[in-house]
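The same subunit A turns up in both complexes below, where it pairs with subunit B and then with subunit C.
Here is the complex of A and B:
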């Protein structure tokens, strides 16, 4: 304990703090971009999967295939797979970009599934009523289905986002300088692991807590139950 | 010649269904069914459950597709594979569902106004004032801002009626609109429908309220196993049914 207290002044130097904040920024960026891409493409995936249009059948099958694959393999496997595929084709994207692609793939598959089940939670009769009044598929989704589905979609989606912040730690495996990796480096430099990873823990909390609050806020705002 | 043609056209029924068959989940729900509905006429469809009454109404708004036969709405043969034709059919025909199917995420006024403004692209003020007038007519002017979940079944069904009417349909389809309601709420909905009948609205009505059917209909069709068994004026059909299946059905409902 004394050792930790002694180390504090030398640990929280300007350079170490900048180093940690940068790593935190990487974690934040991976999470945020992953969530934003995941949410956008997840919506597209879910509405493609629900369409009845026959011409889109091949696309639907592709979407189902994609979702079922990427929901089932561990994030680390996706990450390594993409990392090595990029090596084979000699694509020289940075490890950060490779991690970002993987994060987007996984997030899209997961969130797509969350959104699909949200859409399906809305009664078929709501679709019928909209159809009978000449609503198009997209109009029905926008005006009728999504406003009712948010309350089913948002809680698990934000739960996933929070999990996701933690999952990005795996990106350290391919050398992305995110929070966990930064912790390892500081630890290797000789700082007490308790001090280092204690700080990392607090930084993860600082990242995830506002996201959680934001989720609760959104739930209240757009997913109020009218029944 | 043109003048003559116009006269001839007026005589045409508003909806003509010719030998239509349809299946739902591999089950034949309509079987070579033919019926027509003339302008300003009220035709009620009665029959045991599963006889195809509701399916017939769903067919007319394109929620069910025929496997054979013809549906002609206002002189236009509807091709159920064509989006334009379905849009045409739905612009002429409005349906009120058994379970009201109000949009749960919208208040009463928005439920009644959304399709006319967003889909039919009509003027917002005109649509809203018409909506308020309709809601007043069904006795719900004080509920404009209420959500469906806050209303009783009878109130919801009257909102659904106003919503259908605000589309300015030529033909109104009522699908067992009172059967999900508590008995004391039935009359408030039936009274609203009677008002419409007085105004000459063309309607297909599926109902189990035999007293109401007898009173309001110009003709009543008895359906069984997906086709029209017998169609006649209400007192003829109720008091003097010709077909044995109709007789059987009538004797059962009288016993009840």
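Here is the complex of A and C:
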């Protein structure tokens, strides 16, 4: 305990704090970019799965395979797999990009499911009504389905975003300079692990807690809107 | 590209990997059930307990749900020896996962408590049900129907989460894959097979849970979403 107290002034130096804040930025950036791409591709997947055209059947099966597979592989294994596949093809992307690709893949699979269940929460009558008014598929989605579905989609999608802030900690394993990796470096420098991992835990908490609160607030707001 | 995939070198390691998968499942099942038990206690405290305990549980839950499991286990594994508690990697991971699961599962179970309506209990009382009958015929079926899908979902997530035990040197599925990787350097082959085993064990789990849910709790779970 005394050792920890002694270390505090030498731990919270200007450079260490800058170092940790930068790492925090990387964590946030990785999650944010991954989820934005995941959301975009997720919408595409969900739209593809709801089509009824017979010629698009192979595409739908492909989408089902994609979502089922990437929701059943641990993030760590996905990371390592993509890391080594890139090595085979000798693509020299930075580890940050590799982690970003893996986050995108997994986020696409999960958010695609969230969006699809959001679309399915809209009554069948709405689809029928849109068809009766001769709306095209895209028009139906844009004018009828999504304005109603986003209320169901947004809270869990936001929840997933918060979940991934924490899951990107695994990206430290391939050497992405994010918060957990920064913690490991500081720990290797000889600072007390209680201090180092304690502050890393607190920094994650600072990152995730306000967003969590905001998500719950949003959920409540939307729920009261709906009734 | 100059690299050919050679799976034949890996085949002999598949039984070794599958034994690793069993260890993964052990960690997942153990931490899930202990976590569920702890979560049940927490959920009971939050619904019926005194204010102070309720506050403490809220703090516990917000802390554990807002920080990464990996860093929590890092903390257990590296920081506890400072105060003289040495945990083996397996127990560090198990305790970390259990504490984390308790936080999430208490939230899920609390939602189940809320789902039992007072009117139903009143109706049961009017029919002169004993407490035991009330629990058996009114409360449990109700709670399980609401809780079963999210609980089984969380179990799948936890099975995937066990892969982070590899980072601490536990010889479960991912850990063994890393071992073979440093032996043979057939990385893509090994990790693709590892991924396949993960897909199989989670599929099997979903399948079994769906059957159990359908026949015992009238909870509808789709195997393919």
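In the analysis below, the second predicted complex is superposed on the first by the 211 of 227 C-alpha atoms of A that agree within 3 Å, B and C clash if a C-alpha of one lies under 4 Å from a C-alpha of the other, contacts with A are read in each partner's own complex, and residues count from 1 in each chain.
Following the convention adopted for this analysis, a residue touches a chain if its C-beta (ideal position, glycine included) is under 8 Å from a C-beta of that chain, and two chains touch if they have at least 3 such contacts.
Source: prediction; values computed, not measured.
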Thinking of the overlay built on chain A, is A:74 touched by subunit B (first), by subunit C (second), by both, or by neither? second
According to the stated criteria, A:85 is in contact with first (subunit B), second (subunit C), both, or neither; which is it? second
Partner contacting more residues of subunit A (subunit B vs subunit C): C
Between subunit B and subunit C, whom does A:113 touch in the aligned arrangement: first, second, both, or neither? second
Tell me which partner A:125 touches in the superposition: subunit B (first), subunit C (second), both or neither. first
In the overlaid three-chain picture, which partner chain does A:198 touch, first (subunit B) or second (subunit C), both, or neither? second
Contact-wise, after the overlay, does A:134 reach subunit B, subunit C, both or neither (first, second, both, neither)? first
First (subunit B), second (subunit C), both or neither: which does A:25 touch? neither
Subunit A residues within the subunit C interface of the complex: 4, 64, 67-69, 72-78, 80-81, 84-85, 87-90, 113, 116, 162, 165-167, 169-170, 172-173, 179-180, 183-184, 187, 192-194, 197-198, 200-201, 204-205, 208-209, 212
Residues of subunit C touching subunit A in the complex: 1, 3, 62-63, 65-72, 74-75, 78-79, 82, 156, 160-164, 166-167, 174, 177, 187-188, 191-192, 194-195, 198-199, 202-203, 224-225
List of subunit A residues in touch with subunit B within their complex: 125-126, 128-135, 139, 143-144, 147-148, 226-227
Can you tell me which positions in subunit B touch subunit A when the two form their complex? 58, 61-63, 87, 90-91, 94-95, 97, 99, 101-105, 114-115, 118-120, 147-150, 167
